[in-house]
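There are two complexes below, and they share chain A, which is joined by chain B in the first and by chain C in the second.
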Partner chain A sequence: MDVVIQIVITGLTLGSMYALASVGLSLIYGTLGMFNMAHGLFMTLGAYVAYSVAVAFGIPLVLGIVVAMAAGALIGIITHLVMVRFMLGTADFGTNVLVATAGLGILIEDLLLKVYGGYPYPQPLAVEGFTRIGRVTVTYQAVIIFAVALILILGVAWLLLKTRFGRAIRATALNREAAMLMGVKADTVFLQVMALAGMLAGVAGLMISTQATLSPQMGGDPLLKAFVICVVAGLGNVWGAGLCAFGLALLEAAIGFYIGVRFGFPAMLILVILVLIWRPQGLFGSEKVVRL
Partner chain B sequence: MTQLDDLTRHLLIGVLVIATFAVLPVFITQRYLLGEVIVFFIWAMVAMNWNLLMGHAGVFSLAQMLFFAVGAYGMAMGVTFTGMSVWVAIPIAAVSSALLALIIGMACLRLTGAYVALLTYAIAEMIHVLIITDTECFTLVRNNCQQLFGGSTGFSRFDDFGFRPLLKKHWILGNYYTVLAAFGLTIFGVIVIIHGRLGLAFRAIRDNVGYASSRGIDRKKYQVVAFALSALLTGLAGGVYAAHYRFAGPSLFEFSTLMFILAMVVVGGLGSTWGPLIGTGIMMIVVEFSKEMGDARNLVLGLALIIFVVVMPKGLVHLASNAWRKVSHDRQETKADS
Partner chain C sequence: MSNHSKNNQTRRGFLKGAGVTAGSAAMLSGLNQSAQAQSSDPVVIGCPAPLTGIVAADGIEFQRGLEMARDEINEMGGILGRPVEVVTVDTESKGDDVVIQAAQRLIDKDNASAIITGYNLETGTALHDVVADAGVIAMHSNTVAVHDELVKSDPDRFWGTIQYDPPETMYGEGFLKFIKDLEDNGEFKRPNNKIAIVTGPGTYSINIANAMNGGAAAFGYEVSLFETVKVPVTDWGPTLAKLRADPPAIIAITHFYTQDQAQFMNQFMTDPTDSLVYLQYGASLAAFRDIAGDNSVGSIYATVIGALQDEIGTGFADAYKGRFGDNASPNGGGQTYQALHAYALAAALAGGAGAPYEEDQNRVVADRLKSLIYRGPMGTMRIRPDTLSAYSYPTETNDPSLGMPHIFSQVHDKAKDGVLIAPSPYERGNFQLPPWMKS
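For the complex of A and B:
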């Protein structure tokens, strides 16, 4: 029983972080049709900025989250204004933007390396202490991660489903031309989506750094998993991405416990490939009929 | 002048390029510079193959360095564990690379576009992580633990081409011409594919899947073929690399290396024939300079990728050919006027 509790807790903690990362990624793909290869660096940037502010001013975790969100949103906005805006609607947008964001990712990573150095720092915003469920240790940090992820994802869900702003995003994702004809300012929507996704990524980065350490490469592994989660959920399907994040994280935790941590991701990937052979459009994706 | 068809014309250019490089050692004698040209050959091979796959067959794969690594590792493992000759190990490594590509391709190419990019990237990264986290000793080499796939240090100090005892202080020339031979093989292979019937099918699929399919071209089948062929030649480059450097390690999987090659293809011109070659030369020179300015390699790579994709997504070759067309067009007009 303890083992099951342990796996569930590890899975939920991992799943919270994956969900924050992959919901943003999925939102961007759904609306702009772009794969953000720099998403991992959005996370890293959020974590580093929160770290710097925390070291300088000694802020509490709540403010740290706000700072990470602001940093993520800012980099999302800059990315859109400086780069993506000019590429939208050009030929081969999908692949070109992938290359460009990958370039941006390696650029930010190098800048972080130059500013902070490659030495891993501990995140000062982490919360100490733990409680026990049965004989299983649960750190407060894990509880906070889960709570933050839950609040933010429910917040995003509320935004998307209940507000005008969310309706504009959903309309644009569904059919860009039709939305524009109905008076939705697609450019503004894209900017808002980039900011929103960047915000989620910033928080995800902060949460990940409290579990491990800060390093310029820390975003790589979560990004990879977020990609896989988005693909298995069906690209652009935000709800599916959230669900799959928890599902795959639980699987990873279980395999990590029973077989070995290094096989967690490979097992996840093999499962994903099997799923895709069975349903190429992803678990929650709907089959698209394309007229040629 | 008689009009040559594309294939013959490009093959002739290929002969010219190889002949130029073949006489180059007459003028360049410093070992360092020859070494740099060898590196150029190797990266150009990888870039040309990636361009074949991405620019012509429309498969956006991010597993290019995986197949390079399979070539390098295959060659290193063959030599280290079985003691076979380098000349046998390299072809075997290249073929294993193609076989792996066949398997990965059959699984991934059910999907298209960005899905393929993500899955291939995930697979390459997974293999990378599995290799570096492996700590179990397979054998002992010189009293050091040697993991089956080299662990986090990889393989080094195995047999190379064996020109050192043969050519004494001119051993680098032996390596030079061996790599040049592989380079030539790649150039001819890629040109024959691009400008032959296969390339026609690839471009038909890339330009309009629906129309190509209705004409009886099976997208998946042709893309898997492109994937495997490209991996075969990339594996060859990897094998040659390992034999030249006597090294094969997990650094080959690094994301920045992948981006370095991608920058070559993008800067040169995706979907062209000679673009990757030019891109390789330019990126190598640019990176060489950026190293002197305080290791700004990744910064320069990132900037180059962003600028080229945003400003001229078809690369330098497209720019050059446009300019050429404009010049010759103007000349014809002035002729007509006079």
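For the complex of A and C:
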């Protein structure tokens, strides 16, 4: 029983981090049709900004989350205003924006290196202490990561499904031209989506850095996992990305325990191949690409 | 007062504060004084090092070590009057392709007379062909047996690539012997006969783990877990669950990444088992204690190349931290620091450093380097003629003055470097039962 609890705890902790990373990525793809290759660096930036503010002012975790969200939102807005909006609607947008955001990612990483260097800093906003379920230790940090992910993902769901803002996003995602004819300002929607995805990325980065350490490359591994999750879920499917994040993380944890830790990620990749053969549109994707 | 006297006084004062042995420094200084300046052109030392990426904590120290040695050597008059210049290229914690390109660029563009670095995350043989083709010397601490095999396979081609520390195979045997000594001395009583070995996916970590796995039975241990983890390790949950389900007497982690080892201790300490924890190399860096904090106390780490805590090693460590701050790691920086000092002395003894493609002169420098018994902050560097790797003490020689010590340290205070507890005569403290273990 302890083993099952351990697998669930590990799966939920990893899943929370994967979900925060993949939901933002999926949201951008679903609305703008772009792969944001700089998403991992949005996470990294959020973690570093929260770190800097925490070191300078000794803020608590709650404020750290707000700071990480603000930093992520800001870089999302800047990316849209300075780069993406000029490329929207151009021929080969998907390919061009993929290359452009990859370049942006390299630029942000280099800037972080210039400012912070390569030293692996511990995240001061990490919460210490633990409790037990049975004989299994559960750190407060893991609980916080899960709670933050749950709150933010439910918040995003509420935003998308129950608000005027969400309807505008969904309408734009389904048919940009039709939405514009109905009075939706597509440019504003894109800007808001980039800000929202950036916020999620910033928090994801902060949460990941509490489990690992701060380094300019820390966003690379979660970004890779987020891509895998988005593909399995169905590109652009926000709900699917959230569910798949937890499902794949639980699978990774179970394989790690029963077969070996090193087989966790290869198993995820095998699953991707199988899913793409069986359902090329992903587990939750549909031919009509109704994304929400 | 003549300029000559002024220089002497400056150098004397300098030598007092320098980290190197006064004898070695004085020898280089003397050679410089007796020689006429060859030219004002700098001797360029190229350093391809992982300044970014997963092992950046080490790469930064490698660069610092070279900078400190460069300044000291230049203060002594350079190499026969020629100042030393260090050019570093970031290898981004990547593999052979990046390291080869970096080394080639350092030689062809920057005119490097020698390549001196710590380790890179490559196969361990990336530099060999590059420097053999260019006729220059390379000094590295990749700490791999594959270097030995390659050099032995064609000694005439690979005359100039020197691994200035012993290969990784020394870790496995040395660790089991270290545990036996603790038991023989009554300092450690094993709670059971199990040992859990956790390795990374790289050849280096696996070779060490395999050596432990193969040798464990001879020391009365049964391997209860042999786990390979992926990189980076964010969550040690599944591995810890296995360890807690079947607690071993010893947990040996040969996956050497500093931040991953620190996270292991952070997560292990939430519910520790009655096990001795051995962390190979990564815990020797200050970043480990910085990340793990109180959880680092009690852990044991080892390195076949680390700063000693004797007069020479401490002198170096103090000077190093004085220059780069308390978070700087003499264990990392001391590697390139010692290598550059040894190279400078060998080049001075050989009549000067050769330029790229001046193979004849560089061969003379390499011969001097191979015949040196160089004592620095990391202990004695003496190069094996067959493998061009450093001899290891006590595994390969029982004379501490003729081999680089395989040192074992234990963190007693999170704010200080670990205390060196073996081998004799370098130990500066005793093994302490980790706070989480039952006596």
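To be clear about the criterion, the second predicted complex is superposed on the first by the 287 of 292 C-alpha atoms of A that agree within 3 Å, B and C clash if a C-alpha of one lies under 4 Å from a C-alpha of the other, contacts with A are read in each partner's own complex, and residues count from 1 in each chain.
Here, a contact is a pair of C-beta atoms (placed from the backbone, for glycine too) under 8 Å apart; a residue touches a chain by one contact, two chains touch by 3 or more.
Values in this document were obtained by computation on a predicted structure and should not be read as measured data.
Asker: For the overlay on chain A, clash or fit between chain B and chain C?
Answerer: Aligned on chain A, chain B and chain C clash with each other.
Asker: Applying the document's definition of touch, where does A:V4 land relative to chain B and chain C: first, second, both, or neither?
Answerer: neither
Asker: Quick check for you: in the superposed arrangement, does A:T13 touch first (chain B), second (chain C), both or neither?
Answerer: Touch partner of A:T13: chain C, not chain B.
Asker: Figure out whether A:L104 sits in contact with chain B (first) or chain C (second), or with both, or with neither.
Answerer: After superposition on chain A, A:L104 lies in contact with chain B alone.
Asker: Output check: A:T137 vs chain B and chain C. Expected answer is one of first, second, both, neither. What do you get?
Answerer: second
Asker: Touching A:V55 in the superposition: chain B (first), chain C (second), both, neither?
Answerer: neither
Asker: Mind working out whether A:R262 is in touch with chain B, chain C, both or neither, as first, second, both or neither?
Answerer: Both partners.
Asker: So, does A:L154 touch the first partner chain B, the second partner chain C, both, or neither?
Answerer: So A:L154 meets neither chain B nor chain C here.
Asker: Once the complexes are superposed, what residues of chain A are shared between the chain B interface and the chain C interface?
Answerer: Residues 113, 262, 265 of chain A touch both chain B and chain C.
Asker: Can you tell me which positions in chain B touch chain A when the two form their complex?
Answerer: Result: residues 54, 60, 107-108, 110-111, 113-115, 117-119, 121-123, 125-126, 129-130, 133-134, 208, 210-211, 255-256, 259, 262-263, 266, 296-299, 301-306, 309-310, 313 of chain B touch chain A.
Asker: Looking at the complex, which residues from chain C come into contact with chain A?
Answerer: 51-54, 56-57, 59-60, 93, 201, 227-230, 232-235, 237-242, 244-245, 258-259, 262-263, 267, 270-271, 287, 290-291, 293, 327
Asker: Taking the touch rule as given, give the residues of chain A at its contact with chain B in the complex, in rising order.
Answerer: Interface residues on the chain A side: 29, 35, 83, 86-87, 90-92, 94-100, 102-111, 113, 220, 224, 227-228, 230-231, 235, 262, 265-266, 269, 272-273, 276-277, 280, 290, 292.
Asker: Can you name the residues of chain A that touch chain C in the complex?
Answerer: Listed in rising order, the residues are 2-3, 6-7, 9-10, 13-14, 17, 113, 117-122, 130, 132, 135-137, 139, 208, 211-213, 215-217, 221, 253, 256-257, 260-262, 264-265.
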